[in-house]
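Following this line, the structures themselves.
In the two assemblies presented below, chain A is common to both, partnered first by chain B and then by chain C.
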Partner chain A sequence: MKKILFVFCLLLFSALSTGCWNLKEPNQRAFIIGVGMDMAEDKELEISSEIAVPAGLGSSQVTGAGKKNTFTVVSAKGKDFMDAGQHIQTELSRSLFYAHRQTILIGQHMAEEGLGKYLDMVVRNPKSELRSVILVVKDGTAKEVIRADPTFDPFISTTLGSQQNALGMKPFYFRMLLCDAFSEGTQPIVPAITADPARGYVYAGSAILDKDHGLKLIGFLNPEESMYDNWIMGKQKDLTVTTSIGKGNETISLVVQSLKHRIQIKMVKHQPQIHISLHGVGSIVENNSSLDPSKDDDLKTIQRKQSQEVEEKVRNLVGKAQHQYKIDIFGIGERMHKQHPRIWKTLKPHWHESFPELPITVSVHLRYRDPGQTNSSL
Partner chain B sequence: MNSASQNSTNIDSDLPISGHLLNNERMLRTIFERCSDVVFRDVTLQGNIRLLLIYVDGMIDKDIIQSTILKPLLYEGIPQGIGPIDSIAQMCEQEMFAVLQTKKVYTFHDVADQILQGNVAFLANGEDSALLADVTGFEKRSVEEPSMEAAIRGSRESFTETLRTNTTLIRRIIVTPTLKMESFRVGKLTQTEVVLAYIEGIVSTSMLDEIRSRIEQIDLQGVLDSGYIEESIEDTHFSPFPQMQSTERPDVVSAGLMEGRVAVLVNGSPITLIVPMTFWDGLQAPDDYYERFMYVSLNRWIRYLFALFALTFPSLYIALTTYHPEMVPPKLVLSITSLREQAPFPTVIEVFIMEFMFEGLREAGIRLPQQIGPLVSIVGALVIGQAAVQAGIISAPIVIVVSAAGISSFVIPRYRFGYPMRILRFPLLVLSGIFGLFGTAIGMIAILSHLIHLSPFGSPYLQPVSPNRKKQLKYVFIRKPRGRTS
Partner chain C sequence: MKLTGSQIFWTVSTVEIIMAVWLRVSPAIETAKQDAWISIIIAGAIGLAITYLVTHVSLLHPGETLTQFSRKLLGGWIGRIVILPYFVAWFLLSGDVLRSFADFIHLTILDRTPIWILMVMILALAVYLTGISGITGIGRFCELAGPVTFITLILTFLLNAMNTKLLHILPIVGDSSWQEVFKASLPPASFFGESFMLLVLLAFISSNKKVLAKALSSVAFTAIMVLLATVMVLLVFGPYVGMELRFSYFMLVRSINILNFIQNVDVLVIFIWIFGVFAKISLYLFITSYEMAQWLHVKNWKKLMWFCAPAIFFIGLLIPNEETILMIQKFWERIVIPICAIAVPLLLWLMTIIKNKNYQKKIKYKT
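After this line comes the complex of A and B, so read on.
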């Protein structure tokens, strides 16, 4: 008994003798919920941290003093992430806490310079969150977007992930950027937003980063293009296709679910031939045309017409990738690496050059499972 | 203790009864000096034979004495035409008294003892023995519904303070002569009857011998409840976990007996002990064996989870919010922080204050007269719950944490098995307040190693999980459904 007591006291004193231990009450911490990275004019890194102000949140019981803002944004320049962090800390009475960072925003200027060398802290620091949503700010700086006051949530940083969900995409987390960056042949396609005076921000498609050159920004895809690209990459959960059909302004809208994507590679005379096939099953949600989906002939017409239209758009996207950006944004290289690892070894060094020359064919098949609740339109 | 009176009885007690009635009477009157409830009654049979009845008023059934003993003696006298009889006592025993249990004793000690237990003693002139007739009859509580261990299905009987009633309740369930009930007397002054009940052939004899010898070694002045026996024979006092199951339900005792365990019944206590106990017994309810297996298996899991919850929730809360906020979902940590903005104390102190108040409320609630019972809940809910939060002394999540953990400890079906969970919560709180999750883990490891180390009466406390008895696990994690055969 005495021995146990002795050991217990020893433990207790050893804990007290250290003088500092990492106990911190939640209200001694400044929770960083979003980070914006910009390149200032003098080529210095500028970090803007969105920090939650808990006193402004909820707690209706705190009466008297006027309602505080829910967040504050503190910006500071620095040589690197943590250096800037130290400068931010000088403005705050609570210690910075990075583990709840929901969003990383990258200013366009910063992305153009290549963000590879600045992201080490996000991976190395154990207190860093790998499930932060990462986005590129098109035509603007992260600093201005992160100040936006969103419609629903108290913070912009928590809304960006849910917005991607609402758009039918899988949220693009930082760890996915890491996976893509360390993969053999997938180029990271990062969602992009742009500043908007009314709403704070608008979804603006995707940014194409070149992982072989320090994650430099190459160009943007518009929202529709990124939707099809995400479909090919398997990052889209559902999408809505609206096509004009027949004469005049007659349109049909289809919500496509259970999306399937396949990249087939055939080796013909040691030259790869790529075939991208996309399948989708959906239901008609709007029909302003004279066609009657309950009739077999009309249904086939609609299906064929819509498939053709989507196919055309995907073909345009492929053309854009091959000729405008000259970069593999479909993960074809990765597919090649998995299917033909030996050939990939020979192709990899000059994949950038050979990709624009690849013969890529596209086929899209959309099917209707459900014509909707009525037959022909009114 | 009054040593003088004790000494006087001790000196007298070993003496044998002499053949002289007047001497005997004087002796007994000395023993029962100043005992106003002991009655000496003289009866003279047919004018020449003097008979002395001694009994304790209130301990005997007066009707039986009057109708079956006194009436025949006084009105009919000694029956005529019977053969030679050695003594009055033998005659009374064999031919006159319509009483089931009688016996003869030869020393004053035994006579006094038996009288105090509710027998009537007969002394006749010229005889060196006393005849005792069992006519016990005293006020007792009837069998009522169990108040501490309610069950939705299953019997509504519970034990009473009377040992004989309790043994009867078990006998009525287990109908076999192999159900043995060994009787012991414990306590110098109370002479409390303790009965060891077990089923021969199922019970492990080594364990039985161990229990028997431990009971025989007990040397107490008095035994007022089965708790006295429990504490005297348990393996170690320094464990928060009960090492004997205690129950007021005869069906639970019977189930234990059929599993080869030993029941210890104590006169004067409605709580029976079952030896040995395992950790899992503490989390089982009688309904587990009466209701259909699917419901009860799920209920069991709810209990296991809540038991763990009761033990760890406050310390986990402290560890997570103050040491590892990265493990709490962002929105939750922000709302906790926003509710903590005004809090003047550190989280650990807050939890301690609330735990303290909760334990106080619980203790107050147990012993309050029924009329003011609701008062405590009003004061508790309003003052401690609402006002403390509104005044900004305690942050709201703490109230939720402490009351949730408190309620969870009451999910444990055996009330006293909730004690260890509530007690051990405090060291865990200290550990997690100093070391964070690391401290909680150390605390849990310490508790677990203690549990593994514990083996009351040689049966490991955590079995069948540790040591692992795979075949029995189906009675712990689920309750295997019964087929037509067992």
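After this line comes the complex of A and C, so read on.
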């Protein structure tokens, strides 16, 4: 009797421990690869999901014939993320699966309205994915971009992160947006992309979101400006600087690596003075000028000239932030908070007003490690 | 039934680490913001003090569990009454752990499984292990599961190294006052103070050698792991996101992404969570059954498992919502720890000293 009971228990538990009733086969799921959020004309949220079509993926590799699409895009309106998800579901025979979402795209209208209130789902939903990269679509809707056919990969969503890598930036994950949005004094700078009918999708710099007003879009930085801003914020890994030099405006290009950045804050009579210093070491990759980098004098000229030019650009960027957008896109407030927590408490309430008045100085030092394979220009 | 010194070390740390890492990081960050790591250090010190106290008291009565020596010291009735809060604490804790476990598994993997099935499954396993081998089996299990847990934790910290941002931890004691830092140390300290289970466990040690060092180092080890987890959560998420996450360590693991290749390691981490919960439930099942047997003068403690296991199950089942779980944690922090981990052991210590003096006096009279 005891043995029978024991065997019965064993069988019961082996059946229970498989968890089969909770099983969902991959062919019952619709894998969401990327998602686009737009604000429709009538102020309703519109979600476009890019869904992988596994059948299309296989056939394109084996034979060219009978090619199916690798993905499909389904859009629906809704009151919030999951409500729209329900409406998307009505068009699909497989249930939506969020855990493979690689990219979140935000349409410009959506960003202008502020996306602060829609952040929750991405973290709360246990089936959701934290490792998505997030981008803002400039001059367009997320819906258009997510439909684009990428060059290398089967899905556009997987390419956007690699594109940021290829541009020398660190990919901007959703987690970083959260950190910035909840921080004391860093305004989130989100990479931007634009849909161009002729060229597909193009990196368009960054979008500035105002975290103190529900993450509303207040403007864009062009690719070059965002490169320098990323440098100041420590989000850039390498960059290429091209300057014209000499009488004939000949050009010389430098790939700068090992970027260093520093924001120093000095308190002078209870007023903060900011100094941004940037350092970079790189190698010359193109030299069309008559200068010879192997000669010390010429090298110094090149270094000085290039540093000056970058310095000028960074100074313009600072001016733009202070006078055009009037927002702290360099994380100076956050730095203030880290270094002078007590003073920051008094500054924080009116940081938006005082930031444009801050005295900010900039210095840039570029050095050469490697002159390249030729001495003077060929 | 015997436990070796290293089994004591691994039992205490396995049972404590998982719950503390899972549940105590966010509450500490919520109060102390980026200074939560200082709070954890303070909490570790409080935990060590409690551990020292209970180990010392327990070692004064070798081979006897809490019920045995409290009855010997305080007499039959008072000795029994003093033990009652312990039963309340242990039953509530195991019910709470069982429920948190089932809720978490329900939330993350088995969302279409009734919670009670999950609870029955793990409880049945615990009954099996405890019934077959008692504390020896639990000790052996922890000796295996403990190092696995340790390695997994360290690995997840290392894999997150790329995601860290050192600046998140600044300013040190700038935003939050020392008062808040101390206040934030209480929730984790109450979890480290759980080591008062040593009052029972130390009756089973095979030799008295270095037991104190082993017990203290296990709590120190736990505190260090929780400290590392807190620092990592702070460095990756910063204080403001970190405090909003319910299971911040789990989120930490979910943000691992190395070269788009090492991802979704969270599945592995659920294993160590199950290990820790399983060890904890088995251990408390053993402790409550054994102590209740001593309390009721029942010879075969295994019979009482048939009361304790259902009791734990129903407590777990009856917890209606998250708020109650938080209330139990508050109750644990405000009432259980002061009584069970501090007041009663102190009383027993005092009584031991008095009894010993009387005993020595008697010897003097006789000679």
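We take it that the second predicted complex is superposed on the first by the 350 of 378 C-alpha atoms of A that agree within 3 Å, B and C clash if a C-alpha of one lies under 4 Å from a C-alpha of the other, contacts with A are read in each partner's own complex, and residues count from 1 in each chain.
To be clear about the criterion, a contact is a pair of C-beta atoms (placed from the backbone, for glycine too) under 8 Å apart; a residue touches a chain by one contact, two chains touch by 3 or more.
This structure is a prediction, so every number in the text was calculated from the model and none was measured.
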item	value
Touched partner set for A:130, first chain B, second chain C, both or neither	second
Touching partner for A:13 - first (chain B), second (chain C), both, neither	second
First (chain B), second (chain C), both or neither touched by A:330	neither
Partner chain in contact with A:26 - chain B first, chain C second, else both or neither	first
Which superposed partner A:341 touches (first chain B, second chain C, both, neither)	second
Touched partner set for A:81, first chain B, second chain C, both or neither	neither
Contacts of A:203 with chain B and chain C, given as first, second, both or neither	neither
Which of chain B and chain C A:52 touches, first, second, both or neither	first
Partner chain in contact with A:179 - chain B first, chain C second, else both or neither	second
Chain A positions touched by chain B in one structure and by chain C in the second	21-22, 99
Interfacial residue positions of chain C with respect to chain A in the complex	107-113, 117, 121, 124, 163, 165, 167-168, 170-171, 174-175, 236-238, 240-241, 244-245, 251, 254-255, 257, 260, 263-264
Complex interface listing, chain B residues touching chain A	238, 321-323, 325-326, 330-331, 333-343, 346-347, 389-390, 433-436
Parts of chain A lying in touch with chain B, wherever the complex brings them together	1, 12, 15, 21-27, 29, 31, 33, 52, 54-59, 61-62, 97, 99-100, 102, 127, 129, 158
Of chain A, residues touching chain C in the complex	9, 13, 16-17, 19, 21-22, 99, 123, 126, 130-131, 161, 173, 175, 178-179, 182-183, 334, 337-339, 341-342
